[in-house]
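The structures come next, written out as structure tokens.
You will see chain A twice below: alongside chain B first, and alongside chain C after that.
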Partner chain A sequence: MSEVRLDGVSRLYDRVVAVDNVSLTVAEGEFLTLLGPSGCGKTTTLRMVAGFITPSGGAIYIKGADVTRVPANRRDTGMVFQSYALFPHLTVQDNVGFGLKMRGIRGSEATARITEALRLVKLEQLAERYPRQLSGGQQQRVALARAVVIRPQVLLMDEPLGSLDLKLRQELQVQIRNVQRELGITTIYVTHDQGEALSLSDRVAVMRDGRISQLDPPDKLYSRPASAFVANFVGRTNLLPVEIVGDGDAGYHVKSSASPDLTFAVGTREGDARRPGERCLLGFRPESTTLAPADGNRLTARVDDIRYFGAVRSVALTTALGNVMEIDLPAGAAAPARGDQVTIGWRPADCFLVPVDD
Partner chain B sequence: MGRFAALRVRWGLLALPVIAVLLLAFGMPIASMTANSLFNHAGPGRVGSNLTLVNYINFATDPYYLGILVDTFALGFVVVSICTVLGYPVAYFLARTHSRWRGVLMFLVIAPLLVSAVIRNLGWIPLLGTNGFVNWALQALGLTDRPIALVNNFLGVVIGTTHALLPFMILMLTTVIQRINPQIEEAAVNLGATPWKNFTQVVLPLSMPGLIGGYLIVFTITISSYTTPAMLGGHRVTVMSTFVAQQIRFVLNYAFGATCAVVLMAVAIALTVMATRQSERGS
Partner chain C sequence: MMWTLLNRAIIVFVFVFLLLPLVFVVVTSFGDAAMTFPPRSFSLEWYGAIPQPFITGLKVSLIVGGSTAFIAAVVGTGAALAITRGRFRGLKILAMFCLLPLMVPSLVIAVALFQFTGILWDIARIEIGGTLIGLILGHTAIAIPYVVRAVIAGHAHFDPTLEEAALNLGASKWRTLLSITLPVLIPGIVSGAVFAFLVSFDDVPIALFMGGDEATTTMPVKIFTSIEYSMKPDVMAVSALVIYVSLALMILLEKTLGLERFFGTGRA
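Coming up: the complex of A and B.
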């Protein structure tokens, strides 16, 4: 059963299209992330689900009911904001209890639910504090408790970790995921951080210019991006312009557009069949590339620079075709030196094809 | 450390001229006023040499004088209340709007401050008179059969003072409302608050510093204002400031005039301290 459904939802601002005909379905208990660069329409989409923005077209359903025209205060969503948006004049427990109070839930039931929500985010001992006495991370945990204590039909999170530093962000990611799983609450999460999107979500919708570019589970999004935009936005990617030569059961054979004697095997077939002669881009990830491979696809290159990251060494290369590329080598492996000529390789199963146009 | 301290001392020297002017312009008159109030009245224009509290006792025991104090306060409360009710929606709009007309509106709001009190009140007199525009409009709209006395009475003073002080209330509230994160209101609405609940439970409590600040400014200026009560009150409205002027300029009882002035000042200071305490407790 679909908990939240967007059906051809659009939003225009002064004739500028912020969200363009977006349709998607979030299943019950699912954690779906809207991922994209700023201005891609992800926050506008979320705010339309919350009811803060009225769509210019299309319809929004929550639990099968059309809520497109239902005011925000009667939508039964729980929202977490980037700015925390806690009530500064109320204590932590009164912040958490606000939604219960608005629903006429008082007394021992309210107290029990507030305590339970604070336990969920591990802040029971700070119930009497005021927001200004808490750190940013604690404030956002209060905001999470405040949003879930009303048991909303859908939890909406708008860049909730955007103003926290990296370490805290990672801790809170784990906590958000735990709370979400424990409550089994349907969640729509907005972020521009691809790592956050991949690690938290059941599915990720990558948005661009008001549209959904690709909507897939994280592993598929990463290993089989549908466009160069998604390939570049989600993780790092090396792209080579190629032309289809042949089509076999195991995948495609392609040749380099720049140097036709160089051919590569692509062990995947995604989307529509590609015809011989069609131009596209061959993509592979820095970490699925090895040095001096025994078999598979190969390419010679010159080492331009090496950066050390602890777990890996990132090697910047200029290939024989003139492309600038990046590959990751295990830090323990023998490292090439700057200026070395090397052969890099990747397995046919570890690469993908995306269209040229975009 | 030594260098910074020296620097701070040297910068501090720059404040000396202002401190000197403040002492001369404010401290001395207040000191001499307070001194006058503590001596007996020794005939027109003369302050006696007997140290006494008789002026204060006279003030505190005569219902006529106390009545003037009460009227003054009543004027203050009425003006503050009207300024709050009229000013809050405007302030909220100015704080939240992204309209290109915001600048124009802001100018209109502060416009009364750009005109001197005398000119502003002279402008009100023909508008509020028996045959003035306001009465004409009220009759044309059928709201009243005969002209209402809008000037040369308490109502006239309320109208003139409210007009003059509304900008302070609006500016004060706008500044404070602007600092309330709009997402806090969205959070309240998201959690099920109706617009009314959002206002009473969230926006209004968070506006308290602005309400207290606006109240302080409007109330203290109102109870000490002289020009507007004198010009729009006719001779029928006596407030503390007009009464003090009367005592000193016409009755020539400097001691009692000074006493009334000190009473007014003491009350204003007490209210300011109370309001400041209140707002500190709130934040």
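Coming up: the complex of A and C.
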């Protein structure tokens, strides 16, 4: 049975639609991330699951029960906030124990569970401290312990790492994932950081303008984005306007809209069948592109700029078609110079088609 | 350099201007019967010679001040929460109503209260004039704005997600208010209450109008009426006592909560 189900959930603010008919199902123990730019409705969606916002339409189910009208304090969700929201006048252990106290769990059982939760986030030795005596990362770990100690039906996390620096964020990502796996707790996670979404989640729902653009596992989201928006929001993408020429067993044949002599092979078929003559965008990732390929799709281009990133060199190009593109080359490989004319290539299996109208 | 010097000179002048009268009172209270300044000899005799009515007045002042602080803290906190969070018609009027006594001279409020006690007697045969209750109510009226201001100032730093976190963990709205909101706001509430106490402890006009016999005469009123007839060093000792109490409260407030929090200079 599904743990959390959203059925056509909407939310309006003064006639502005913040969340527009969102339906999704989170399986038991699943880690699902709502990913999107600010204002896409991801936080509003999460807060509707928590019960802080009442949907304007639709229904929310937790463990099969309709909780749409159930107040937040009787929903049995555990929430982690971006601002930590630790109670400043309570010690770490009293913060963690607050939810237990509200459930009438006291004495030795409460102590045991608080200790266990603090052990889970590796903070047993700081139980007596006050939140102001802790670093940001430690505070967020306390908040995580406080949310899971009540063994909620679903763990909700609203940009929990948003106010931490990069290094700490990566450490805590690992810790969040470990805690989530160890407890097998159903989790909905909100972030605008695509790297975080890809590395943590079982599935990612990319949201835009209050709707879900695509809901897929991270690898599929990255290699087979369903729209130009998703392709650009999740990782970097080069896009070429093309037209379908033919439809074969191995995939599609397409030609460049700007220069019909140039044809490319696309070795993937996602979604609805595309008819010859249909216009769409051909996408491929900077890192799946090579220089001077022996076979596959090819395109000539002029090197505009080269930036060095340690592991890769990022090369900015202007193609023969006039598009500006970006490719990544292994830093160890021979690098072209600015102004060079080069041929770039990519395998048919490494590219995808997305609709133009987006 | 010039400006720094001028700046310092101004600061020194202001402090001297504000504190010199207090210093005069305190020094004279240790002086001799002639009340010359500076005194020719120092002693503690006037503290020992404080007449009984002043001691009674001090007790009345403490009772009235304590009750005022308590009632003003309860009502003022409620009003401040309504002003900062409420969304209802008349909110601005409520806010203005709560802060108005700060702008009206307390003498005017005293006259109004005096009038009010008369009307209350005429209409309902309830006598609050000349009673401790009347005195406390009058002081509460002028003390509430201080609590409202202090709590609103404290509330500006209040993170509303704290309440969401409490709700999320299963606390009811009331439980959240009692276990989270009020404890987090307590510094503002306490500093407001301390100021409420001081406002009551300091007041003459309202205590003069609302007071009656010995049991409702506060210390400032006692001082005020006694210097009309005679100016003796024992009055200086009593006045010095008032300064000590106020000073002690201020130091306590600063040590525990920090005064910046109340005055909202943004450094807290």
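In this text, the second predicted complex is superposed on the first by the 358 of 358 C-alpha atoms of A that agree within 3 Å, B and C clash if a C-alpha of one lies under 4 Å from a C-alpha of the other, contacts with A are read in each partner's own complex, and residues count from 1 in each chain.
By our rule, contacts are C-beta pairs under 8 Å (C-beta built on N, C-alpha and C of every residue); 3 or more make two chains touch, one makes a residue touch a chain.
On a predicted model such as this, the values are computed, not experimentally measured, just so you know.
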With everything superposed onto chain A, say whether chain B and chain C fit together or clash. clash
Touching partner for A:I150 - first (chain B), second (chain C), both, neither: both
Given the touch rule stated above, what does A:T77 touch, chain B (first), chain C (second), both, or neither? both
When the two structures are overlaid on chain A, which partner does A:M102 contact: first (chain B), second (chain C), both, or neither? both
What is the contact status of A:A50 with respect to chain B (first) and chain C (second): first, second, both, or neither? both
Looking at A:L281, would you say it contacts chain B, chain C, both, or neither? Reply first, second, both or neither. neither
Once chain A of both complexes is superposed, is A:L123 in touch with chain B (first), chain C (second), both, or neither? neither
Just to be sure I follow: which residues of chain A are touched by chain B in one complex and then by chain C in the other one? 50, 52, 72-75, 77-79, 81, 83, 85-89, 98-99, 102-103, 146-147, 150
Chain C partner contacts - residues on chain A that touch it in the complex: 50-52, 71-79, 81, 83, 85-89, 98-99, 102-103, 146-147, 150
Interface residues, chain B side, partner chain A - complex: 181, 183-184, 186-194, 197, 201-202, 205-206, 282
Which residues of chain C touch chain A in the complex? 159, 161-162, 164-173, 175, 179-180, 183-184, 186
Name, in rising order, each residue of chain A that touches chain B in their complex. 50, 52, 72-75, 77-79, 81, 83, 85-89, 98-99, 102-103, 143, 146-147, 150
